[in-house]
Structure formats: C-alpha cells, structure tokens
Amino acid sequence: MELVIFSITALIAVIGAVAMLTSRNAVHSALFLLMNFGAIAVLYLLLQAPFLFAVQLIVYAGAIIVLFLFVVMLLGAERDEDETNPIRWQTPTALVMAILLIAEVVYVLISNPQTTVARVGNANVFAAPTDIARALFTTYLLPFEIASFVLLTALIGVVVLHQRRS
Amino acid sequence: MLPTIFYIGLSALLFVIGVCGVLMRRSALMVFMSVELMLNSANLALVTFANQWKSLDAQVMVFFVITIAAAEVAVGLALLVMIFMRKQTTNIDSMTTLKG
Amino acid sequence: MTQLAWLLVLIPAFPLAGFLLNAFFLRGERATGIVASLSIVASFVTTLVAVTNLAATPEEARYISAHLWDWLAIGKVNVSVGLWFDPLTAVMTLLITGVGALIHIYSISYMHGDSRPHRYFAYLNLFVFAMLILVMSDNLFLLFLGWEGVGLCSFLLIGHYFERDSVAPGIVPSEASAKAFVANRVGDAGLLLAMMAIVSNFGTLSFFGADGNSGFISRLTDASFITVDLGLFGSIGLVSGIAMLMILGVAGKSAQLPLYTWLPDAMAGPTPVSALIHAATMVTAGVYLIVRMHVAFDLAPDAAGVVTVIGAATALIGATAAITQFDIKRVLAYSTISQLGFMVAAAGMGAYTAAIFHLLTHGLFKALLFLGSGAIIHGMHDIQDMRRMGGLRTHMPTVYRVYLIGALALAGIFPLAGFWSKDEILVHAWYGAQNVNVTVMLIFASWLTAFYMGRQMALTFAGSTRDHDVHPHEQLGTMKWPLYILAVASALGGIINLPGIHWLTDWLSPVLHHEAELFTWSMGIFAAIVVISAGAIGYLGYRLYSGELLTQIKAGEEDPAHYYLGDIWKGFEMGWGLDYVYQRLLVRPYRTFSQFLSDVFDRQAIDGILVEGSAGLVGKVSQAASRAQNGNVRTYALVFLIGVVIIVGYVVIGA
C-alpha cells in the first residue's frame, strides 16, 4: 500500500519537476512546481512528518508559489527567454555533469548497504506537532528567534529595496 | 515502511533536475524556481533520515530551511523586480556587470 | 689624555669646524671666505705651538700621541682613532696648514663673484682636514680615511665648475674630476691590499702602537724573511709585497708613472685648488707614505729600486711634457709631476730627508707659481693660453717679480730654495746611491726644468702684448700677501737644510735615523756644475722664446720647435701619449661595453625580458584568468557543479 502511494506521488513529483524544467511558459512552470511541492508534502506525510506536511503546503504552496506567480505576472515575463542560447556548450556540459552526478548517487546507493538498515525504534508518531513545538521552544529557542529575526530583516530589506528614491 | 533508499533516490533525482534547471534555463525566475526545487529535494532527504533514526532534530532543521527559504524568496524576488525595472529583462545572460 | 694631546686634536678640529660652518650655516661670500681662512690660520698657529712643545720632548721619544677612541674592534684587530705627532708629521702639518692658509686667504679675492663660494670654501676646509688626518693618523686605517678624503675633495674641487662644458684648454671639468677619482681609486686598491697584508700578518694597523714601539713598523724587520707564494708568479718577500702594493697607491696619489694622467687635467678646477693639490696637499701624500713606511722600503731593496725608477722616469717624462705646453697651468702641472718624480726617486734611493726637503720647498714655490699664474689668469680675464699673453711685465709688475722668484726657485738657481733641495737629491743620487743612470736622468730633468721655466717666463712676461683684444690689469686684493709671503719663503726656504747646518735632517733624525752627510768640496763642485749648466739652459730657454722665436708664436699655432722636432714634440705635448693609450685600451672599450649594456642588454634583457617580460607574462595570465570572470552566472554555476561532481566523485569512490 505504502509502495503504491509512494510510486504515484514520486511519479507526480518527477513529472512536475521535469515539466517545470521544460515548460516554456513561466506561469506553467510555477504551477508544475506547485504540483511537485504538493507531491513532496504527501511524501512528508508518508514519512510521519505531519507538521512539515502542513508547513510545506502553507509556506511553499501557499506563499512562495503565489509570490512567484505574482512576480511573473507583474513583470509580464512569462516568455522571457530568447531562442538562441549564447553559451553553446553550457547545456551539453550541464547534462553530462547531471548524468555523472546521478551515476555517483546510484553508485553510492548500490554500494552502501547501510542505507537499508532496519529502522531504529518503532513509534509510529514520533514527531507530532506538539513534539516539534516543544523542541522549537526549548532546545531550539535561539535558532528560532534568529530565524524570526532573519524574516524581519528580509521584510525590511525588501521594503528598503523598493523605496522610491527622489 | 519503504526502504530509505527509495526516498533518497527520489531526492537525488529531483536535486539533479533542479541543477539542470539552474544551468539550462536563462530566465532568472526559472533559475529561482529550480533552486527552490533543489531545496525541497534536500528537505526530503532530511525528513527521510529523520524518519529512519526517529529523530526530531532533522525535522526542526527542515522547518528552519523552509523559513529561510521564504525569506530568501522574498528578497530574491524583490531584487529580481529591481533588475527587471532597470534592464527590462530577467534573462540572466544579460546580467554580466561583474565581468572581469 | 694630556693637555698636549688635546692641542693635537685642535689642529684638524679647526678645519673640520670651518667645513661644518661653511657647509651648513654660512652663505655669504665674505663670511665663508673669512671663516675658512681663519680656521686654517688657527690650525697653523696651533701647529706652531704643538711643534714648540714637541721640540721640548727628549729626542729618544720625540712624539705626541693622542688616542681618541676605538673605532673598530674586529677579532684581535683593533683600529683606533688616534693622532700621532712626530717630527715628520710636524713638518708636513706646518706645510699643509701654512701654505693652505695662504691659499685660503688668496681664494677670498680669487673666488670673488663665484656662484658657489660657500661650497668652494667648505670643500677647501674639508680638503685640509682630510690631509691633516692623513699625516697625523697613528695607524694606516685612519690614514686611509684621510687618503680617501683628499681623493674625494679633489674630485669635488676639480669639478667645481661642473656646470661648464669645457674650461681652458678644452678640459671637461666633470670628466677631469672623474678621471682624478678613478686614477686615485686604482692606487687606493694597492694601498688597501697592502693594509690587508699588514693586518693578516701583524694583526695591527698602528704604525708605532701606544708606547711608540709596538706597532707593525717595528715588527717589519722580523718579518723580512717571510715570503709569500704567488703560485704561477713565483714568490715574493712579504715586506717587498707590501711595499710594492704601496707603490701603486703612491703612484696614484702622487701622480707617478703610470697613473699621472689625472694631474694635468686636475687644473680644470679653480687655480687655488690646483695650488692646494699640487703644493700643499694631495700629491705630497704619496711621498709622505713612502717616508712614513721607510722601514719597509729599507728592508725591500727591490721595491725601493722600483720606486727609484718610477720616480726618475716620471721626473723626465713630466719635464719633457712641460716644455711643450702652451697652457700656463699645464706647464706647472707637468712640472709638478716632474718634481714629484724627483722626490719619489730620492725616497727610493733612501734619501728620505732630501725627499721631504724637496717636498717642503716645492710646496712653497709651486704654491707661489700656481697662485701667481692664478693672478695672471685673473688679470687676463680667464685666458690661460701663453700664446695670447706676452709683455705682462709692464702690466703686472708685482706678479712678474714674485713669479720670477718662483721660477728661479723651481729651476734650481742659487741661492733660492729649489737649488738646495734639488741639489741634495742630485748629490745623494751621485755620491750616496751612486746610481749613474738615475743621476743622469735627474740632471737632464732639472735642465729641462730650467728650460721650461725660462720658456714660460719669456712667453708670459717678455716682449709685447700679442693679443690686443685683452686688457690685462693687476688687481690683487687679498691675493697680494700670500704671494709676497710665498716669494720670501721660496727665496729663503733653503735655509732649513743648508749643507753644514742641516736643521731639517737633525729635526727628522728621530724618525728617519739619518745623520747629516758630510759636506765635501767635490760635492760643492758637482753642485756648482749642475747649477751653472741649469742656469745657462734656463737662460737659453728664455732667450730662445723672447728673441728669435717670439715673432713666430701666434695664438692657435704650433710651437716653432715643433718644426724641428716634429712628432717627438707632439708626443711630448700629449704627455707621452699615456692618456691616448688609456683612452684606447681602457676607456673606449669600457665605454663601448657600457654602451652595449645600456643599449642592448639593458633594453633587451633587463627591460625586455625581466621587467616588461615578467609584467607582460603576469598580464597575459591575468587576461586569461579574467576571461573566466565573464560575469555569466550560469557559467559560474556550471563550474561550481563540475567542482561538486569531482569532489563527490572523489569522496564516493575514494572512500
């Protein structure tokens, strides 16, 4: 059952990613990316991370993708790519490197049997939202505050960037 | 439970697709989206290992990654808009001001 | 240190103070001249006081020494700054400060209107200071400092008119000064090597040591049997080697064969400088060095023989060159070379007292002649060519009178100073050393001396004015008194060592251990023959050039004698062509080589390969590297990815 769900969602995720990559229209790309994010959210659920499932949907699908769509439409940059590629050897080299990277990953996965060891512990739900909240507000309080500070800084930065200069 | 290798393989695949996007697309927006895809694949790997070791830490890490990604996207897109207003394009091949 | 020692320090301290004042504080022409002259006069007076004190000391230990401070202490070698005042130093110091003071006073008028008087007087003071250090030093190292100091000052003063392209007779001042310096350097190398030989063998450079008996000079006798192996060149006695090396230094400083060529050109400087170089300082240093080191030369007959030959040959060459010159100062310059040859030859034959005696009298009358010629040049508005003079007797009566005394003294006419000193050398050559060849050469040279002085007197003062564009005048100012004093001194200077009285010999005997020679009648007859023949030849020279030949002498034309002697005369005029040989053999190849270095090597190798080549290489590499910085983000990312693939590959496969 799990394998079926995984296969379907993985397929959707890969299709979304590839479609995002190949789509000419930026709006379409953003929507395919949304599809990919959704699939990954489902996978989080499979991996017993319900909190992250929610965060993924809210932040990525809800906020980031919307922001992308906003910007694309605002700028009218849906097809902002001319047909001629100025760097001719870029794409072939990139593809070769990508294949090499995949090959390396495959080599690691096949040659390393430790990645299939039996799981430690057997609690089905170890990361309920309450657990994560406890961790965030106790052990990870300082990083949490820093993250909030980063967000605030980003907010101010964006405002400053778009200040109208006289 | 499925073996970890499945998720890791998927994560690696998505990462490489993201890499290809960064390298092959010429619109800065598309590059941005590809970067987000790579971040997500990394998050997936983290969550997978968190599940394998039943550890909370990796999930908290993913939470922070998502937070920072949000900040990054906000600033990045703001910069992009600025660049577009100046150059009337988002083609990153035309942004070669740092040429030596 | 005793009070007497402090007195000693004052002697060089005055000129040094004068130099510092002139160099750094004074700028007015009058002030600099007066300060410079006063400092030397003060030094002279101090010397007189020191000499009277020295005379009061017992004869066995007649010296005053002043150890000031230790200069260098390297291993066992300890070089001190110390002064040594013995009878030899005393006479040298008297000459230097006495004649030096007169030249300074003379310069006040002579240099009137010069653009750099403070500079001139500062160097003049420094010159005297260096010379005093040279003669008063108690060790060879400090002597060398003075030795180099006079070299430097001669360079500075010969080049006083460095901004002029050419001074009469066609000398470039900057080149003349460089020539003097280089010729001296060649000699200095010899002296330096001699010093090294002394240090390595005796471990000290002090002449006499603190107690007057522990320096290297007293140990030379013990070392006389040591020989030095020179490999292919055989072997040489240590003392001979030291003496031979010193000869090179002497030849450079005292303008002897083969290094005399710098002295004729040294008159590119102002005339009082020539007087200072030729009479009181600089060139006398070589003779002084031989006399100071006489123990070494006594122990090394071969070196002394070389000295004699060099001296006699130089005396003859200088005299022959002097008879052909038309430049009034050039005659005197070659004359100086010739007279220095007399002194060196005398020193080589062991007649050290005679050498010093001639050094003193020559210092007096050569200073007189140079200052007199300076007065003539001054009155002739910077004309030095004797062909354009003539008849100056009526225009410049005072100068004529003093110049005549100087000329007669130089020619060795009885009873002027030059007669006694030159005669003593000749007598010693004939009776003492019994060296016929040298005696003949020297007698011949002294005949020539009389001849060229007669010729000069005739050309300069006899007859009537040949160049009517010039209006000679006699306006001496402060130049007058030095001329008078020197004239009297030149006339009476022989008194100090008359046969039978021999004060100088007695005075110097604590240093030289020479007993006065017994005066015999045969010596008197010998002297009379020499003096009468010299007088006759001098008169012949005067008659020839004031009578028959005078009408044939015109500005810019050859001497009438050239008609008879042809190229021999020409060769004399060129100073036996040694200059020409150096020019061809050394200067021109060296210049060509330098030209090659500057035009080809410097431009191609240094500039082309090392400077521009390295810069170009860096530029090319940078250009290639900067191509990587093409500003294209995607390319950066691709390179980044390649790096990632390689590192991951290394980790995965290597691990």
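For clarity, chains are labelled A, B and C in written order, and residue numbers in each chain start from 1.
Simple rule for what comes next: a residue touches a chain if its C-beta (ideal position, glycine included) is under 8 Å from a C-beta of that chain, and two chains touch if they have at least 3 such contacts.
Computed from a predicted structure; not experimentally measured.
Chemist: Would you mind checking which chain's C-alpha centre is most distant from the centre of chain B?
Modeler: If we average the C-alpha coordinates per chain, C ends up farthest from chain B.
Chemist: If you tally the C-beta contacts, which comes out ahead, A-C or A-B?
Modeler: A-B
Chemist: Mind checking the centre-to-centre distance between chain B and chain C? Centres are C-alpha means, answer in whole Å.
Modeler: Centre-to-centre distance between chain B and chain C: 90 Å.
Chemist: Once you find the CA centre of chain A and the CA centre of chain C, what distance in Å lies between them?
Modeler: 96
Chemist: Need the CA-centroid distance for the pair chain A / chain B, whole Å please.
Modeler: 6
Chemist: Considering chain B alone, which of its residues make contact with at least two other chains?
Modeler: Residues 19, 23, 26, 93.
Chemist: Among all residues of chain C, which ones touch two or more of the remaining chains?
Modeler: In chain C, 632, 634, 638, 641 touch at least two other chains.
Chemist: Where in chain A do residues touch two or more other chains at once?
Modeler: Where chain A meets two or more other chains at a single residue, that happens at 87, 90, 94, 97, 101.
Chemist: Could you pull out which chain A residues touch chain B in their complex?
Modeler: Listed in rising order, the residues are 2-3, 6, 10, 13-14, 17-18, 20-21, 26, 29-30, 33, 36-37, 40, 43-44, 46-49, 51-52, 55-56, 59-60, 63-64, 67-68, 71-72, 74-75, 77, 80-82, 85-87, 90-91, 94-95, 97-98, 101-102, 105-106, 109, 115-117, 119-121, 123, 126-127, 131-132, 135-136, 139-140, 143-144, 147, 150-151, 153-155, 157-158, 161-162.
Chemist: Report the residues of chain C in contact with chain B in the complex, numbered from low to high.
Modeler: 625-634, 637-638, 641
Chemist: Touching chain A in the complex: which residues of chain C?
Modeler: 632, 634-635, 638, 641-642, 644-645, 648-649, 652-653
Chemist: In the complex of these two chains, what residues of chain B are touching chain A?
Modeler: Per the stated touch rule, the residues are 1-10, 12-14, 16-21, 23-27, 29-30, 32-34, 36-37, 40, 43-44, 47-48, 50-54, 56-57, 59-60, 62-64, 66-75, 77-82, 84, 89-91, 93.
Chemist: Can you name the residues of chain A that touch chain C in the complex?
Modeler: Checking each residue of chain A against chain C gives 87, 90, 93-94, 97, 100-101, 104, 107-108.
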